[in-house]
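After the structure tokens below, expect a handful of questions from me.
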Amino acid sequence: MKKVVNRVEDVVDEALEGFVAAFPQYLRRVAGTKVLTRARPKAEGLVGLVSGGGSGHEPAHGGYVGYGMLDAAVAGEVFTSPTPDQVLAGIRAASRGAGVLLIIKNYTGDVMNFEIAQEMAESEGIAVQSVVVNDDVAVDGSLYTTGRRGIAGTVFVHKAAGAAAQRGATLDEVRAAAEAAIAQVRSMGFAIAPCTVPAAGQPTFTLGEDEMELGIGIHGEPGTERRPVAPADELADVILGRLSEDLGLTEGCRLAAMVNGMGATPLLELAILARRTRQWAESAGHQLEAVWLGEFMTSLEMAGASISLVRLDDPLADLLAAPADTPALRQGVKHD
Amino acid sequence: MTSTQFRALWLEFHERVRVERDQLNRLDAAIGDADHGTNLDRGLQKVAACAADTTDHLAATCRQVGTVLLSTVGGASGALWGSALLRAAGALPDSDTCDTAAALAALGQGVSAIQARGHAELGDKTMLDVWLPSLEDLDRRLSAGAACGEAVAATAGRAAVLAQDTAPLQARRGRAAYLGPRSVGHVDPGSVSTALFWQALATVLARS
Amino acid sequence: MKKVVNRVEDVVDEALEGFVAAFPQYLRRVAGTKVLTRARPKAEGLVGLVSGGGSGHEPAHGGYVGYGMLDAAVAGEVFTSPTPDQVLAGIRAASRGAGVLLIIKNYTGDVMNFEIAQEMAESEGIAVQSVVVNDDVAVDGSLYTTGRRGIAGTVFVHKAAGAAAQRGATLDEVRAAAEAAIAQVRSMGFAIAPCTVPAAGQPTFTLGEDEMELGIGIHGEPGTERRPVAPADELADVILGRLSEDLGLTEGCRLAAMVNGMGATPLLELAILARRTRQWAESAGHQLEAVWLGEFMTSLEMAGASISLVRLDDPLADLLAAPADTPALRQGVKHD
Amino acid sequence: MTSTQFRALWLEFHERVRVERDQLNRLDAAIGDADHGTNLDRGLQKVAACAADTTDHLAATCRQVGTVLLSTVGGASGALWGSALLRAAGALPDSDTCDTAAALAALGQGVSAIQARGHAELGDKTMLDVWLPSLEDLDRRLSAGAACGEAVAATAGRAAVLAQDTAPLQARRGRAAYLGPRSVGHVDPGSVSTALFWQALATVLARS
């Protein structure tokens, strides 16, 4: 295993320090925790937003802390959900007197640890609500009692809820905005090469020279299906077909898309998926109003990508287009 | 059980997890995210460090272990082990020793907490597939009049088998559930670590 | 070779289509060329900025086309400098009547092809000047008649010259701003794993499990030195020491830094380098006014990173901090 | 040389580059960026396609080849070959045939253009390390009275040796220069493709 690290045990801690070192205008670290919070906290009386999860998904989640998105991001060890005391510290840091919304990706560990933290915060008198993102269509929710996973589409939820909170919506309204986004977002990913968790030192799986995994999550785990590698357009078509079917898209829908790199896939290649996504939308008669192209929620140095679609209506389109100023997502630059 | 034994139990459990750490990670890599060994090892190392400088009674020690696990393990297993220990603490006395019945009750409470927190059932391919039948197994042996140490030793052996028996199951809870049919044929890592706990308990009881 | 591509011959073309598909609000493609230009061209009478080079460095160079940075980016094949006719198309697209500055990275191929294009454009009556970026300290310029390579520090030059041009500086002034940036920027990179050029199908070099290349360029080529892998802090220290020495930094300098991922190195790991960079600056008594952390100029899926330093004075600090609104670099978000 | 031979020369050169494409890439991978074979092959493929539907005179054909190479090869070699052909065109007549002296003059002009554009000198480990001595070699043979076809065939053989002789040199121009001492021990890819050009020329002349 070759990594740009010092001691494997210090990776998360040093990376958090590094984010603050790089983005002091955006981020502070809550002392003694793995929580990143806004350098310039939002005004009192606005709803706070907390998300987080295991590390290894950078820029998620610390990269989305800032104006118009999250107020605190809680980091666990690599691919390991954070512990309740850390989430509690995040809730406290995000609280500005109007309640806090937790945006949780649907994994057993995340859900349970955030749930315990929520109970703790409530017992301290902080109003906390939570939403669980489950955008991964690779997992057929009806088959498993755990439901579907949350993957890259979660960033759309951060953005929508963040914009609502920044505008002064109440806790109920912010939760409703998040739920409206969750209801309309679907994602699916694939991997052509695995990643190596620093503490484990071994790739999470091995693939033959002509094999890939379809339906992967974001924790280096194998997908729902192993299959021969396929051209980019074919992969995009398979995924877009699944997303579209699951969303029940009929002709002429308003959509936003995300083409998300898992870590090692060059932007050059991701762009080829973006091209196909627009071709697909055009041939299906949809209106593709935004494409987010880049690395939004990664799996360390896994090679592969995920595509997300979100069906828009006026309010959701508006929230996604609102200004945001965070380390990893900025829009709404003022031109002279 | 005495509070000294209780502390020894966690040192012993840590030692076994430490040795099996990479193997637990490998099991988790096959159907999860390759961190189960690292997670437990990290938490138990902290527990062991704390255990060294505490002389608290049983309930307080158990609560401390729960708090430490909750705040250091992370992932599904951290929330579950933490919840279990915090609940079990409520069933233990504020004294240095307790009888077998109280210890059994605490164990039962802990396992209920795992069920309440994780909503898993028998056969879902989780640690409960070891916890539930092994608790029953121990109960049966004690009811049949076996000595405590011997009964636990036998149950620990059974737990190891139960852990291996998770292989043919299809996961319906936890991360492995996302693999659907592909989870079949792999042993559940949380079940293996649970079996290690039983072995640690048996070892500690055998010592005295 | 596993890649997310269709036909290997179409990679660059399809990726360019993909960038436009993803960023129609920023980018247009000059029909029949490999040139990306601004969707909303700058006002007449402002100096145009053109850069470019081989593909495979994404987000460079198309990602920097937009307000406050480039007016046109010219893409060659993967790692191959673009041809003069393409550069000429870029110059024409960028020209708003006040002349055009070419920002060239110092590689024989780039310099010659841009030079030929410059001659062609001048013969068409467009005033063209050019600067050559040579920030790579790994190559000791005094030894080789070719001088040093241009690598990731080039993006600082795009930013500084782009801000000057956007503000209405003359061609001479914009060139002077670019040259001032070039004079103060130094970079050096390393690789722990090679990349594979799609058309070649083979990794550009092979490394043992404990080996790395120090002093790499951005074209997948081996570095100036092969050495055993080292902890992140040690790598950062070696590079920062070289940069500092080469810049002749004394105590108390004003600096900006860039920690640039080569493609496959997770942001989690890059952040560890950012941490060390700030530690180094603090212990050396420098004032680190900005850290750019992310992937700015990549080598496909190479694993590794480069660090750049630029010594600031008031004008340069001001140009680097000015608003920019491009696909890959945005700053100056308007808060409500 | 006739314009038909000139066109055949480019088809023949393309064929040789196509066959050696991966090898040229491998040579370039060692001290450059692994694209020299791909670059030349791409450009020559386009030249070959254009050559098929043109019946122009020598100068025009040569100018066309230069323009195509300039706009399709890219990299250092594209700028150099393109510049060379455009300059050489100036030394060729607007007719279907030229004598050996004119052909030699064109070749010399082309090589001067490579020197002017790239500022390399003999020994810098570039294609000039084949071009300059092989031009001299050809000159010598012709002056000594050799027939044109035989002289070129002999020079082509010499060119192949010259290309291999670049191995011990340390590069001072082009991408390989950045490797400094590490460029020693590897053959220069542009020199090898230049030798292929000489072989193509020899083959075409031998045919008539």
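The first chain written gets the first letter, and so on, giving A, B, C and D; residue counts start at 1 in each chain.
Definition applied: contacts are C-beta pairs under 8 Å (C-beta built on N, C-alpha and C of every residue); 3 or more make two chains touch, one makes a residue touch a chain.
Here the structure is a predicted model, which is why all the values come from computation and not from measurement.
Note on connectivity: the fewest steps through touching chains from chain B to chain D is 3. Between chain A and chain D the centroid-to-centroid distance comes to 54 Å (mean Cα coordinates, whole Å). Chain geometry summary: the mean Cα position of chain A and that of chain B are 32 Å apart. The distance from the centre of chain A to the centre of chain C, each centre being the mean of the chain's C-alpha atoms, comes to 28 Å.
In chain C, the residues that touch at least two other chains are 78.
Contact with two or more other chains is made by no residue of chain D. Shown here, the protein chains touch in a chain-like sequence that does not close on itself. This structure has the following touching chain pairs: A-B, A-C, C-D.
Across the complex, chain C meets chain A through its residues 2-7, 11-12, 14-19, 21-23, 55-56, 58-59, 63, 67, 78, 166, 192-193, 209, 212, 229, 231-233, 235, 259, 263-279, 291-293, 295, 298, 300-301, 303-305, 323-325, 327, 330-336. Chain contact summary for the complex, chain A toward chain B: residues 54, 76-86, 107-109, 112-113, 115-116, 136, 138-140, 143-146, 149, 197, 199-200, 202, 204-205, 217, 219-222, 224. Contact residues of chain D toward chain C in the complex are 22, 25-26, 29-35, 38-39, 42, 70-80, 82-83, 117-119, 124, 171-175, 177-180, 182.
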